[in-house]
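Heads up, the next two complexes both have chain A, just with different partners, chain B and then chain C.
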Partner chain A sequence: DGVAVLPAPQNLSVQSTNMKHLLMWSPVIVPGEIIYYFVEYQGEYESLYMSHIWIPSSWCSPTECPECDITDDITATVPYKLRVRATLGSQTSAWSTLPHPFNRNSTTLTPPVMEVTKDGFHLVIKLEDLGPQFEFLVAYWRREPGAKEHVQVVRSRGIPVHLETMEPGAAYCVKVRTFVKVIGRHSPSSQAECVKVQGETLPL
Partner chain B sequence: GLRRCLISMDIHHIEEAFQEIKKTIQAKDTFQNVTILSTSETLHSIKPLDVCCMTKNLLAFYVDKVFKDHRELNPQILRKISSIANSFLYMQKALQQCQEQMQCHCRDEATNATRIIHDNYDQLEVRAAAIKSLGELDIFLAWIDKNNQGTSA
Partner chain C sequence: GQEFQFGPCRVEGVALQELWEAFRAMKDIVQAKDNITSVRLLRKEVLQNVSDTESCYLLRALLKFYLNTVFKNYLDKAADSRIRKSFSTLANNFFVIASKLQPSQEKEMFSISESARRRFLLFQRAFKQLDIQAAQTKAFGEVDILLTWMERFYQ
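And now, the complex of A and B:
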C-alpha cells in the first residue's frame, strides 16, 4: 500500500435532487499533476454485518473529477457510508469519509416540468422523464366556480398523455406533482397552467 | 395486510439486480441436483395465513446467514449482492414497523418449513450452501412477488 503522503480530499457532501445523487468534495491540488480519486461505499448491510467490506463505486474508481454520480450505487432506502481517497502514481491519501451516512429518502423532490397543450378539443400533457421510480399525479379541472378536480396517475414518461376532451369556450387548468414509491414521498405541486379551447395558454 | 407493508418495496429492481448475476452465481453451484428452497414441503406449500411469517423468516435467512457466508471478490457481483442485501434489510425494517398493526404470527407450518430450509443449508459446506441459496434467490423473489405484491413495481 502506497505511503499516504497526499492530503485527503476534504468537504465531502452529497447533493441529491429527484433521486439523482452526486457526491462532491474539494479537489486535491498538486501543481502540474493529475490526481485520481477512488470512491467506495458501504450500505447499512455492510456496516452491520461486514464492516470490513467497502465496495468500489460503479463510475468513480477511479475518476479525475472531484465529484461522483453515485445514483447507481445507492439502490436501497437505507443509510450508505461513502469515502474518497486521492492517488498520484504510487502515492495515496488517507480515506475521507462522508460525515453522515446518506439515505436516498432525503433527496430533494422538485415540482416536475410539464407542457400543457391542446390537440383540437383534447387537453394533452407532456411530462419530463425523471426515471422509472417516478409516478406523476396530474390534477386538472375546468376553470369555473365549483368545478370538480380530477386526478390521474401517469407513469409513462416523456410522451404526450390525453387528459380530457374539452368543451368549446371553456378554460381548463392542470397542475402536477411527483410520487416516489420507494421513499414514499411526494414533490410539491407545480404551478397550475391553463388553456382555453381556441385560445392561448393563459397565465394564472 | 402484508401487501400494504411492502408496498414501497421495489421488488422489480431486486429482480433486475439478481438477473444480472444469476448466470455467474448459478455456474458456481457445484451441487446442481440439490435444492435448499424448493423442496415440495417448503415454499410451495405455504398458506396465505403463513406468508408474513415465512417472508420474515426467509429475509432473516438471507440477511443473517446467506449474504454473510458468501465471499465475493468480483466488484460487479459484489455491487448487485449489496443492492439485494440492503433491500432485504429495508424490507425487514418495513415488516417490523408494520407488525404492530398486523398479525404476523408464526404457526407450525411456517416454522417447520423454515427449519427444513435451514437443515438443507446446514447439510452443505457453508460456501457451497451460500452460493446455492444465492442462486435460488429467484425462487424466493417469485414467491414474494406472487404472495405479497398486488402488482410488481
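And now, the complex of A and C:
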C-alpha cells in the first residue's frame, strides 16, 4: 500500500429510496488534481466469518465522483459495512468506514407514480418501472356511496394494465402502493386519481 | 410476495432468483476446479423424498455447514472480484435463510429430526473423505443441486 498521505474522505452516508442505494461522502480537494475514490463493502457474513475480506464495489473502484451507486452490491437483507478511500497517483488515504452498517430494509419507499386513463369503457393504469423487487397493490372503486374497493396485485412494469370495464357515466378512482418482497414492506399509498367515462380526469 | 416454506419454517426476504443469478455468474469457474467427477456430495440419499417437516431440519444443518466450513475459507482463494461479489450474495442470503430456520425441538419431532440428521451425516461423511480444499470446491460447485432442491419449497 502507498503511504497514507491524502486525507480520508469524510461524512459518509447512504441515501436509499425505492431500493436504489447511493453512498455519498465529502470530496477530498487537492487543487489542480483529480482524486480517485475506491469503494468496498462487506456483508454480515464477511464481517462475522472473514472480516479481513472486503469486496470492491461493482461501479466505483475507482470513481472520480464523491458518490457511488451501491445498489448492485447490496444483494441481501443484512447489514453491510462500506468504506471509501482516496488516491492521487501513488498517494493513498486511509479508509473511511460508514459509521453505521447499511441494511436495505431501511430504504425509503415513496408512493408510486401512476397514469390512470380510459380506453373506451376500459379503466387502464400504467405504473412506473421500479425494478423486479417491486409489486404494486392497485386499489380501485366506483365513486359512489358504499362502493366496494377492489384490489389487484400488478407485477408487470411500465406497461398499461386493464383494471375494469366501466359503466357509462360512472366515475372510478384508483390509488396504488408498492410492496417490496425482499424487505417485506409497503410504501404509502398514492393520491387517488379518478376518471369518468366520457369525462376528464377529475381532481379529488 | 415469494417466500420459502420448509414445512413449519417460513422464510421471507430472500429472492431465489438473486441466488441463481449469483451462482450462475461463477458456476463455470467454480465447477471447472472440481477434478473429482466420480463423487457427488449431495447425492440422492441426502435430498430425495425429504418430507416438508424434515426439510427445515435438513436445510438448517446443510446451510450451517456451508456457512461454517464450505464458504469460510473460500474467499481467500477467490481473487477474482466477480467471484467475490457472487459469493457474497450467496453467503449473505444463506446466512439470512439459516437464521430464520427455527425447527421445533419438541420430543415428538425426534424421529423426523433424527432422519434429517442421518441424511446430513451422509453428506458430511462424503465431504470428510476428500481433501479439504477439494471437498470445499466440490461442495461449492454443488450449490446448484441445493438451490434446485430448495426451489421445491419456494412459493
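One rule holds in what follows: the second predicted complex is superposed on the first by the 204 of 204 C-alpha atoms of A that agree within 3 Å, B and C clash if a C-alpha of one lies under 4 Å from a C-alpha of the other, contacts with A are read in each partner's own complex, and residues count from 1 in each chain.
Just so we're on the same page, a residue touches a chain if its C-beta (ideal position, glycine included) is under 8 Å from a C-beta of that chain, and two chains touch if they have at least 3 such contacts.
Quick caveat, the model's predicted, so the values are computed rather than measured.
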_With the two structures overlaid on chain A, would chain B and chain C clash, or do they fit side by side?_
clash
*Of the two partner chains, chain B (first) and chain C (second), which one does A:E135 touch, if any: first, second, both, or neither?*
second
*asked:* Taking the superposition on A as described, I'd like to know which of chain B and chain C A:T77 touches: first, second, both or neither.
replied: both
*Where does A:V30 make contact in the superposed view: on chain B (first), on chain C (second), on both, or on neither?*
neither
_Contacts of A:M50 with chain B and chain C, given as first, second, both or neither_ = both
*asked:* According to the stated criteria, A:C65 is in contact with first (chain B), second (chain C), both, or neither; which is it?
replied: neither
*Touching A:F179 in the superposition: chain B (first), chain C (second), both, neither?*
second
_chain A positions touched by chain B in one structure and by chain C in the second_ = 43-46, 48-50, 53, 55-56, 58, 73, 75-78, 133, 181-184
*For chain A, which residues count as touching chain B in their complex?*
43-46, 48-50, 53, 55-56, 58, 61, 73, 75-78, 133, 181-184
_Of chain C, residues touching chain A in the complex_ = 1-3, 12-15, 17-18, 22, 67-68, 71-73, 75-76, 81, 84-85, 88-89, 91-96
*Which residues, counting only chain B, touch chain A once they are in their complex?*
7-10, 13, 17, 63-64, 67-68, 75, 78-79, 82-83, 85-90, 153
*Sort out for me which residues of chain A touch chain C in the complex.*
41, 43-46, 48-50, 53, 55-56, 58, 73, 75-78, 105, 132-133, 135, 179-184
